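One structure below.
By letter and in written order, the chains are A, B, C, D and E; residue numbering begins at 1 in each of them.
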Amino acid sequence: MGRSLTAVVSILGLAAVTACTGGGAAGEKSAGGGAGGGVYTTIDGNKPGLDVNGPFNPWNPKGNSFQGFNAMRIAWSKNHLTDPNQFYPGIAASWDIAPDNSSITLHLHPDNKWSDGQPVTAEDVKFSIALAYTQGSTAFALDPGAAGAASDVEVVDDKTVKITQDMKNPSVTFVRGVMDSFVVPEHAWEGVLPADFWDKLETARGEGAEAEAARGEITALSEKVLAFGPPKDVSAGPFVLERMNPGEALLVKNKNFYNAANVGPDQVKLLNYTGNEQIWNYLTAGKLDNAPFTAVPADVMKRIVATPGNQVVKGYSPVAVGLAFNQSKKPYDDVHVRRGLAHLIDRAEVVKIASPEGGTAAVTTSGIHAKAAREWLGGELDALEPYNVDPAKAEEEFKAAGLTKKDGKWALADGKPWKVTIHIPAPFSDWVSAAKAITSQLTTAGVDAEVVTTADYPLYLSELAEGKYDLGFWLMALGPAPYNIYQRLYGGSNGWNILGGKVEHSAPGKNGNWMGGAETVDVEGVGEVNPGELTAKLNSVSGDEQKAVIGQLAKAANQDLPVIQLWDYVNTQFVNTNRFTGFPADDSDLLRQPSGVWIQLGMLKKKQ
Amino acid sequence: MALHRSRARAVAWRLAGHLARGFVMILVVTTISFLIIRNVPGNPLAARYEKLVEQGMAPDAAARAVEVLYGFMPQGSLWDQYVGYMSGLARFDLGESLMVPGSPVSDVLLSATKWTVLPVLAGTLLSFLVGVVMGVYAAIKRSGVLGDMLAISGSLLHGVPQYVLALLLGAIFTTLIPILPAGGTADILYEPGFDAAYIGSLIEHATLPVLTYALAGYGGWILAMKSSVVTVLGDDFILAAELRGMKRSIIFRYVARNAILPLFTILALSLGLLFGGSIFIERIFNYPGLGLMLIDSINNRDYALMGGAFLLITVAIIVANIVADLLYTVIDPRVRGEGETA
Amino acid sequence: MAAEQSSEQSSDRSSAPGVRIRGLSVVYRTGAGELPAVSGIDLDLPPGTITGVVGESGSGKSTLALSLLNAVQPPGRIAAGSVEIDGLGDVAALHGDGLRRARGRHIGYVFQAAQNSLNPLKTVGGQLLDLGRSHGMGRSHGPDDLRGLVREARGLLDRMGLDGARVLDSYQHELSGGMRQRVGIMLALVLNARVVVLDEPTTALDMITQATILRIIREVHEERGLTTLVITHDLGVVAEVADNLAVMYGGRLVEQGPTGEVLGDPRHPYTRGLLAAIPRLAGDIGEARALPGRPPTLDSVPADGCVFRERCALRMEVCETGRVPVVSWGSRTAVCHAVQGAREDVKQTVTAGTVTAGTAIADMGEEQA
Amino acid sequence: MITGTGITKTFSRRGGVLGGREVPALRGVDFAIEKGGAASFIGESGCGKTTLGRILAGLESHDSGEITIDGVPMSSLTPRRRQPYFRRVQLVHQDPYSALNPTRTIHQTLSAPLSLRARQMERAGTGRPRSWIGERAEELLSLVGLDPGYVLPRYPHQLSGGMRQRVVIARALTVDPEVLVADEAVSMIDVSLRLGILALLKDLRDRLGVSVLFITHDVATARYIGTDGELYVIYRGQVVERGPVETVISAPVHPYTQALLSAIPVLHGLETPGEQRVVPTEALDASRHDRGCLFAPRCPFRTARCESERPVLGHDGGTPQEHACFHPEARTVVAVPVSHS
Amino acid sequence: MSVTVVPAAGASATVRRNFWRGVWRVMRRKPSRMVGAAIVAGFALMGIFGPLLYPDPLPRDTQALYAPPSWRHPFGTDFEGTDVLALVVTGARYVLLTAAVTAVITVVLGTAIGLFSGFKRGRWDSVLMRLTDMKLTIPGLPLLLVLSTIWKFTGAIEMGLVLGLLGWGGVARAVRSQTLSLRERGFIEAARGLGLSTGHIVGRELLPSMAPYIAMNTLIAVTGAVYAQVGLFFLGVLPFEANNWGVMLNLAVFGGGALTTTAALPYLLAPLLAILLLTLGIVLVVDAMDEIFNPRLREE
């Protein structure tokens, strides 16, 4: 189905705020009337399928708030390879972070106004943080034991807010958590929250039954908040939504935006898409000034590049995909089987077939995207077992696991036939192709293999979590925060959960543990480690210690192979320079932000 | 006078009977959709949890956030849920969409319906007109090679599934000779309204879906009309009219009117059926109608929307059935006459 | 002769057109080539008379009826012969609009009662107006024509014992069989056609209705001064209504003459057999005799010799091949070798060999006139 | 021996939600057929005569009344046990085209009931050899005047109408019936062939002792089949006159019978019309009239009594035949043959 | 008494020979019918022997992904470099097997219900027909889509089972009306009057008379099943099946961009062409069907 790679894109957006966008100068036929700066045409990578009925609400997944355009965060994360605390200004013009991450003071743009003319104030920020509590977020979690949660929000003056971290259980992700918050106008959202919200919150952050009740009350607000939307768009971003139809959304420049003078386009047209092939069509027609991360087949790529003005921009995207094992199923509990399979999979070929433009074959399984791995691990990366294609080695490993070969086909130790079944969500056609390629490779090598698809991604995830699959594709290496990177391998899905600040391990099949790995791994050259605890540690440690932990985890992942890392995504974007200029170049950090951010920073200019 | 009154009464009774049957049918369909929907595995909440965790939210916080959404789903026994669901339906309350939180399902459906109804109507009427005319031609030329070709091409078009036609048209007009837009309803730059530019854009975007509907329907009409005309041509009264020296034009009118009569009921029925049959075409051309909505709701596990869409599609068919029958009653004096004797 | 037939004094009778069928042959294209359904028919319909044609299935009687309007349906066609109607000429030579106008205006056709000869979607009146418009009314002469037409139609229907106004307002399905047949007669006559062909006019009607319809046919025939042809398989119908009787078998006319004479003294073995095979209500029922064999079908009609010989008790060698002589005496004709041999006591005209039966009938016609 | 008393049947015609209306097809009909005898039912279409035939053949149920076959009242039996009795009554359909399965050869058509018969006889201890079925089929075809060698391997459409009707009769004979119900059995057959079929039925009466119940609108054929039998004249579901065939024809007393007989065309030249012909009033919509004598609206002799009271079948007025009329008067309506010189 | 004794066996043998000669005659009457029969036969053979023609697994050529049509690859290659023609040929088995299962279930169930309903009439008839009406009213494809969320269709047989269970309504309705009209025909009444068993009446008298309808419905059910199945795979709601026509369509459009660029176009067109060809074949055969089963038309 056509949701294919796009669905991955949207996850990427949510997961790591990777994103995209480029720009183009909008010299296009300006029928709507925005003469001056032209119409800038793009798609919102986070929102396949525009919904005319969606509310103006950034928390609502189908809401008509488009990040960087009419929806603003406090600041925009750079998603730096290793440092999560780098940002571009958003609602906040600047910020002071306490050296120990214990607090952050935000300074808002002094002359920033909402599109309805009201000033953007510190109260708006505080109100928005209150809303964030109802939705649950890292920095604004109700759970008193949550790591990296805020303990206090203080309006210092009209344009200054100070947020303090609860240092009982500090995390390096605190700042990032604060900055990621959306800001909405309090005056337009009146009545959504009860007047005594902050008192309730105070109670909720405590202990005991009363706190429990208060937490319940606050979370009960979640749906109300999620469903709310002001009758018309009130934006603090560079644009405000003018109108929509099922095919497109039209935004016009917000004259009150603090940097309005430098905003290039007068209008932004966001096109609807429900499948990748649509984006391809827009691109080959030269319609899009920017398309955020989009996977394309090779031939389509040729066609796109051939269109006048179209250019490809590539950057870092902190995400990779791996073939994950359910180790509670035989024979995948045996590390030799996993290693043997790793030796049979030709990752280069898989990438060539599945995602030639959107990924690079994983160097090896380290748990980290190769680019970030270079930064974190340096030379250690090369010391890891590369798992090159080597049927002989695979045979060795299989034999070590007690598998037998009969008539050229591998069978289980007990002589029963062995069939590798890889589950894939049907809509992700790159994954389908990849899985198909892998099964072909395995079958050629004498390992019977098949692909089974699941109708859609939600179902896939739930069945995966229920432990119904032997093997499945799994997104991993979600940077830049190191905890997030390894949380995918040694987090909840593998049994480790942080409860009340403590790491606890659940048995396979319990509490979402479907990977079913061992609680400790004997890592060559390191010794027995508990990877889950190491991962949790990444939250609090910093600097060299962090590097050391990551080194251990990389080795553990490399030897233990809970997943076979297949490829690292490449942030492949398209820009068209016929109408606009000033797009970010290859490898720019801005490639991981929506193009609305480029515009609000004043980068894009109409082509002269 | 009395005749007319008794006719009207007969039609009213007929309508009442239909409505009663339609009501039972809707009851059954809603029950089925309720049962199906309540048994769907893999819920959207798990997917949401996954997303939240990926966002970096602590798993327990994510679990709590999701639990909030669970409250959204009615708890309680299956029967309670059923009663709640049905009483909601009675108030035309189809629930709230999960995909578009905060939007009543009815609103979401309504906005999608027009994008299904307009192209379906246009395509069907187009195919009806062309098909009927060609059907007459095929009937007249039935013993010739041309008639054979028309009939076979009609059967083929009638037999081939919609998606094959949609894909072929798509391949031709968007890949080989890219002259038509591949999706959407209209260019946003044109302000919706009654002006040439907007309507032109609407038409341009609707061309491929409408063409597919038309082509898919055409085969059926040509076949139906051909066989209908052949039947009528064999009727005694046609020969009788000829032997009474009636003009060809009048005889042609006799043939056409008698032959087309049964087709009107099929037309009404097919309009109803096309609500459900639009899934492929809307999917392939990304046209935001009911079919695409149904697929989206399924992929998003949006139970309420899914049930609503399914219900709407079924109701369309039931209504079409009723309309077809009443239409038949109104236009065919033979059926109309039945009321008299009753 | 029956009372119904004694209306010689009818004023219009002399102006009724005569019809002369000569050498009429109709063939049908089949898988086995073109087969004759009617061959070499010579028949006169004297002006102002009712002629009945009797025949069983496959005798070609319906084809003959359609030929009178040059309306043989494909795959059949008139292969030879002519149908001359006074004041109209040879119908077989007419085509296109001329033929169309002749139908309805000059020649009326009444369908089998079992057939639905009315458009089910239109009222009788609506179809009547269509008929009028088809024949040039209402356009050049204004609506008065059509009003007159409706008046005429209502009059005819009233004459036949119906409520004309109500019938004109009815659809076919609202009429009973007897009513439909009267409407059929009305439509055949309303344009003042003087030659009327009735094809099985009472088949599928109940006995009492049949009697009524036959009476109406007779009366209307007299009143309007028509030349009428009744086609039927039922000797009783002909006996009841026709002045002259023609018997068809295997696509040929085998015997003809005044009804009473033919029935009272049938000469052709087929006519005799047929009469003997009909059980009667009075007299010795044991006299009824079945006719052996079965009627020929289109592909089993002998191409040469007598068509009836397969079933004939008097079959002779001479019957096998060649033409059968047409034997005429008085106003009667029979086509049979046996008749030729037996009828020495009667002054007869025998036309054998190359001479067609037509001349003999022509003689007969002259004698009558 | 089959008798019926008070046979009633009402059809309800569907008319939409309103429920339609009731159409009485038979209103208390009594009849009796002797072994080897003949009874003829005449009347116009829709008078109920066909329904009666179907009820007798077990193809239709009746609402009230009793049918007795060989002294056994059918109401005393379960439907399953009635079947063998009804099998002794075989229906010969009006339409020989639809009465034979077009996809089966005559051989197949005949052998199915014959093998059933063979099995029955086997059970009864009178087993027959395997070849019996084929022999019997040929025998029966010969009996109805067909050439088995020609007919057996053929499909119905390869036979003429008359041949088909003979096959239908042969098929009815496979189960050795006691009664043949011939429903308009010759009306769709060519005139010259009709008498052959009628003669066959008559012959079967004589040779096999089969009774014939003849249903027709044509009085003359009824007379041919059973001069010695009884004639029942039915009008709108009611027997209005009943008596020996010749009596009813030559001296009918019910005006309806008289009208029916008067309507028969006269073969002028061979016959002269009856002197007292009765022409009924044309009541085009008489079917709605349901009070008094059913024929009253059309009867030229009706009186006030006829409008309010319904006459019952009886010998009132001392007529030899039974009738249902308040004013019975024998009239000569049938044409008489011209005496030839 | 007759002279000729026609042995029963001889008669039916003649009948059978006549039947096939008649079929041949009907087929010859229009050359298009021969083409149709050839196509249908070709697909049947493909379904049976197709997978035997190619090695398993199908060879891949990763140097030629989405290769254009050539002599070696008449329809090019797919995303993995596998020959598209080979995919279509080997994929026919799954598609046709499902279709066959569906057709059998549809026709058997539909015929049984229709026959029962039409033959028994009365209460059973009303109940069954209400049920059928309901089945016909509930839109099939949406129902299938919704069902696919709770049901996993694994394997051709199960797929066919579900499609068959959803598809009998039309056949039941048609067979019932046929039964009702045949029931009134003289020969069925005669059979009942003769006391022939219901089994005989249904099996020997009714069914053969309905054979053309049933045969046509079978063929239509086959095409319907092919369409539904391929369509569901195309929409991606069914589990992946390596070489299945619908999966090919899906991957061609959504993975290969066949509606955007021409590279994957042959990959898209090959299964489309297969469906078109199959439809054409069946249309042409159905055209001949009526004449084949009508002894009169067969002999003319």
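Here is the rule we use: a residue touches a chain if its C-beta (ideal position, glycine included) is under 8 Å from a C-beta of that chain, and two chains touch if they have at least 3 such contacts.
All values derive from a computational prediction rather than experimental measurement.
Colleague: Per the definition of touch at the top, where is the C-beta contact count highest among chain pairs?
Modeller: Looking across every pairing, the one with the most contacts is A-B.
Colleague: For subunit A, which other chain has the most distant CA centre?
Modeller: C
Colleague: Give, as an integer number of Å, the spacing between the C-alpha centres of subunit E and subunit C.
Modeller: So the centre of subunit C lies 54 Å away from the centre of subunit E.
Colleague: Using Cα averages as centroids, what's the distance between subunit A and subunit E in whole Å?
Modeller: 47
Colleague: Roughly how far is subunit A from subunit B, going centre to centre by Cα mean, in whole Å?
Modeller: It comes to 39 Å between the two C-alpha centres.
Colleague: Using mean CA coordinates as chain centres, what's the subunit A-subunit D distance in Å?
Modeller: 90
Colleague: If a residue has to touch 2 or more other chains to count, which residues of subunit E qualify?
Modeller: Only 148-149, 235, 237, 253, 259-262 qualify.
Colleague: Give me the residue numbers in subunit B that touch at least two other chains, ranges are fine.
Modeller: Subunit B, residues with two or more chain partners: 41-42, 174, 182, 283, 298, 301.
Colleague: Of all the residues in subunit D, which ones touch at least 2 other chains?
Modeller: Nothing qualifies.
Colleague: Spell out the part of subunit D that touches subunit E in their complex, as residue ranges.
Modeller: The contact residues of subunit D facing subunit E are 57-59, 83-84, 86-87, 89-91, 93, 95, 98-105, 107-109, 111-113, 116, 133-135, 138-139, 141-142, 147-149, 152-153, 155, 157, 168, 171-172, 174-175.
Colleague: What does subunit B use to touch subunit C in their complex?
Modeller: The contact residues of subunit B facing subunit C are 235-237, 239-248, 250, 254, 257-258, 261, 332-334, 337, 340.
Colleague: Okay, in this complex, where on subunit B does subunit A touch?
Modeller: Residues in contact with subunit A: 41-44, 46-47, 50-62, 64-65, 67-69, 71-72, 96-97, 99-103, 107-108, 111-112, 115, 174, 178, 182-192, 197, 205, 283, 286, 288, 292, 296, 298-301.
Colleague: Write out the stretch or stretches of subunit A touching subunit E in their complex.
Modeller: Residues 1-2, 4, 275-277, 280-281, 284, 296-300, 302-303, 349, 352-354, 424, 426-427, 429-430, 432-433, 436-437, 439-440, 443-444, 450-455, 459 of subunit A touch subunit E in their complex.
Colleague: Per the contact definition, I'd like the list of subunit A residues that touch subunit B in the complex.
Modeller: My answer: residues 1-3, 11, 14-15, 28-32, 39, 49, 51-55, 57, 60-62, 135-138, 141-143, 146-147, 173, 176-177, 215, 219-220, 222-223, 226-229, 243-250, 267, 269, 271-275, 277-278, 281, 284-285, 427, 454-463, 465, 475, 478, 481, 484, 487, 491-492, 497-499, 512.
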